[in-house]
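Mind having a look at this structure? Questions to follow.
Think of it as A, B, C and D in the order they're written, each chain with its own count starting at 1.
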Amino acid sequence: MTGPDYLAALLLLAGALFFLAGTLGLLRFPDVYTRLHALTKADNVGLGLIVLGLSLQSGSWLVAGKLILIWLLVLLAGASVSHLIARGARLRGIPEWRR
Amino acid sequence: MSAAGFYALAGVALVVLGLYGLAVQAHLLRKLLAVNILGSGVFLVLVGLGGPADAGPDPVPHAMVITGIVVAVSATALGLVLMLKLTTTSGRPTLEDDAPREGPEA
Amino acid sequence: MPDLYHALTLFLLLNLGAGLWRVVRGPTAADRMLAAQLFGTTAVAILLVLAQAGGVAALRDVALVFALLAAVAAVAFVRRAWPQPEDEHDRP
Amino acid sequence: MSLLQTGIDALLALGLVWLAWRALACPDLFRGIVLFIAFGLLMALAWVRLEAPDVALAEAAIGAGLTGALLLAALARLNRIAPAGTRADTREAWRNAPALLLVLAGAGLGLAVLSLLPEPAGLQAQVAAELGRSGVSNPVTAVLLNFRGYDTLLEVLVLLLALLAAWSLEAEPPRREAAPGPVLDLLLRLLLPVLVLAAAYLLWAGAHAPGGAFQAGAVLGAAGVLALLAGWRLQPHLTGLPLRLAIVIGPGGFLLVAWALLLTGRPLLEYPPALAGALILLIETLATLSIAATLAVLFQGSRPAAEPPA
């Protein structure tokens, strides 16, 4: 393994860590709003880091561009869905967690 | 066992689960889920048995499964329309025989 | 490197399995749908990693389709399957 | 095969069975549907592991997009028609099951599969030998549109049949959709052009790489479903003849090609090798349009003309 390989591996591992954090948040956070917060960490940062690591490994600008397009699409879907669900939850009076 | 073997056996399990669900579930939406799972099991067996050999995967079951997936979704859509129509007419999303009888004594 | 990719795939799959607990537990329908949303993202990550591991470019197309349709089920949920609050559909 | 890969396959296979079981057995229907959506997702991953990227594409478009939306929308309508009817006591039902019969059937099927596994006998060699004359270089597309073209012809006719049956049932017209709101509207405006582009790309790529009419049609159909969910409707002057034309142009064009070939004295759907590539692209393009229109209209469930103009 060479230098870029180590960097890519590091990015992939960091991405995996964010997926773990997202899942843990989904399991441990107390209400739907905080869980949304955890979910978007996996969408934005977790997938982002993995896409970055894989782009380094792919060795082709075309593939890297496609990977980034996929990431942007997931971001768009994740952000919109999070908004729609949070708004829906408020309209339906799902209570927020209070300590 | 090869990877394809795992999936073919999982397919058998899905066929059995689907048949079971189809037989014992009263709710028609659940029956539709069961049919879909049954179909997925059949697809897995088909592709698993033609699975990656030395000559590569067999494209014929792949083609059959692709048509199968599209037919399954259109059949599901039709099934859902039928279910809704039946529910509007009879007030229950179940077939007559599955529902508890509501005789005059009830 | 291939081992790293496969280990990563396995790890992401285990993540997905853990997320299933939220689908089963709920408590609200929104929680279950959220978990399904996370599964979609995880599947995209798995597909991209597997594409790199096996050198199969077509898997990136599968990931692309997943990314494109990630919102469909959730939008169907928000717009249809979630019981509407009373005033919502009376607006023009 | 490394231990890690075996672990992935074992986990996926077990996950599929577990999800199917929970989807069928859990008491709440909504939960069952969400589990079924997750099941479709894992199916796509399983196809990838089985080296079937074409199937994975179709499953991703249909399993992850369309089926979930279809089931959720139907559940919503069901809740409106019969609010009490969506909770059936499954426990009761699971007790009275003909379990022994099913265990026997499962054992028989399992034995059959196990006996067939050691010597996979496929048609790889035959397909590879004829691939040069098929007009495309993706073997799955060659099988779908050339070697077994009659299969695909009947399949698009099945789609049409399903739509005609659904329309003939005169289901209740869908309720007026609430206003989509700025976020959903923006999502659609950004996503729909990309979806159309991706469908065109999949259609074009199908000749030499995984993709093709079914995958492209499913992606385009999902775009239609998304638009319907946001409350976008066809202009009234498009719901009549133009929509019906889009629905029948796939099977119609396919039949015309088959008929024209018969007139030249060839067997049914045997293309001249020089024209095969162009004919396949033509049929696939028309089929993509029809599959997309049919899937989107099936999602709506009722005849669009029956709706009052908004």
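The definition used in the following text is that a contact is a pair of C-beta atoms (placed from the backbone, for glycine too) under 8 Å apart; a residue touches a chain by one contact, two chains touch by 3 or more.
What you are looking at is a predicted structure, and each value in this text was computed from that prediction instead of being measured.
Comparing mean CA positions across the assembly, the chain most remote from chain A is B. The interface with the greater count of contacting C-beta pairs, when B-D is set against C-D, is B-D. Rounded to whole angstrom units, the spacing between the C-alpha centres of chain B and chain D is 14.
Our note on geometry: chain C versus chain D, Cα centroid distance of 19 Å, whole angstroms. One simple way to say how far apart two chains are is to compare their mean CA positions; for chain A and chain B this gives 33 Å.
Inter-chain spacing, taken between the CA centroids of chain B and chain C, is 22 Å.
The residues of chain C that reach two or more other chains are 33, 35, 40, 57, 64, 68, 70-71, 75, 83, 88, listed in rising order. In chain A, 73, 76-77, 80, 84 are the positions where the chain touches two or more neighbouring chains simultaneously. A complete list of chain pairs in contact reads A-C, A-D, B-D, C-D.
Across the complex, chain D is touched by residues 1-21, 23-27, 29-30, 32-34, 36-37, 40, 43-45, 47-53, 55-67, 69-71, 73-78, 80-85, 87-88, 91-94 of chain B.
Chain D makes touch with chain A in their complex at residues 181, 183-184, 186-187, 190-191, 194. On the chain A side of its complex with chain C, the touching residues are 1, 5, 9, 12-13, 15-16, 19-20, 22-23, 26-27, 32, 35-36, 39, 42-43, 46-47, 50-51, 54, 57-58, 63, 66-67, 69-71, 73-74, 76-78, 80-81, 84-85, 88-89, 91-94. Interface residues of chain D, counted against chain B in their complex, comprise 1, 5-6, 9-10, 12-14, 16-17, 20-21, 23-24, 29, 32-33, 36, 39, 43, 46-47, 49-52, 54-55, 58-59, 62-63, 66-67, 70-71, 74-75, 77-78, 81-82, 85-86, 88, 90, 93-94, 96-99, 102-103, 105-106, 109-110, 113-114, 116-117, 120, 122-125, 127-128, 139-140, 142-144, 148, 151-152, 155, 158-159, 162-163, 165-166, 169-172, 212, 214-215, 217-218, 291, 294-295, 298-299, 301.
Those residues of chain D that touch chain C in the shared complex are 2, 4-5, 7-8, 11-12, 15, 19, 22, 26, 30-31, 34-35, 37-38, 41, 44-45, 48, 53-54, 56-57, 60-61, 64-66, 68-69, 72-73, 75-77, 79, 175-179, 184, 187, 191, 194-195, 198, 202, 205, 209-211, 215, 219, 222, 225-226, 229-230.
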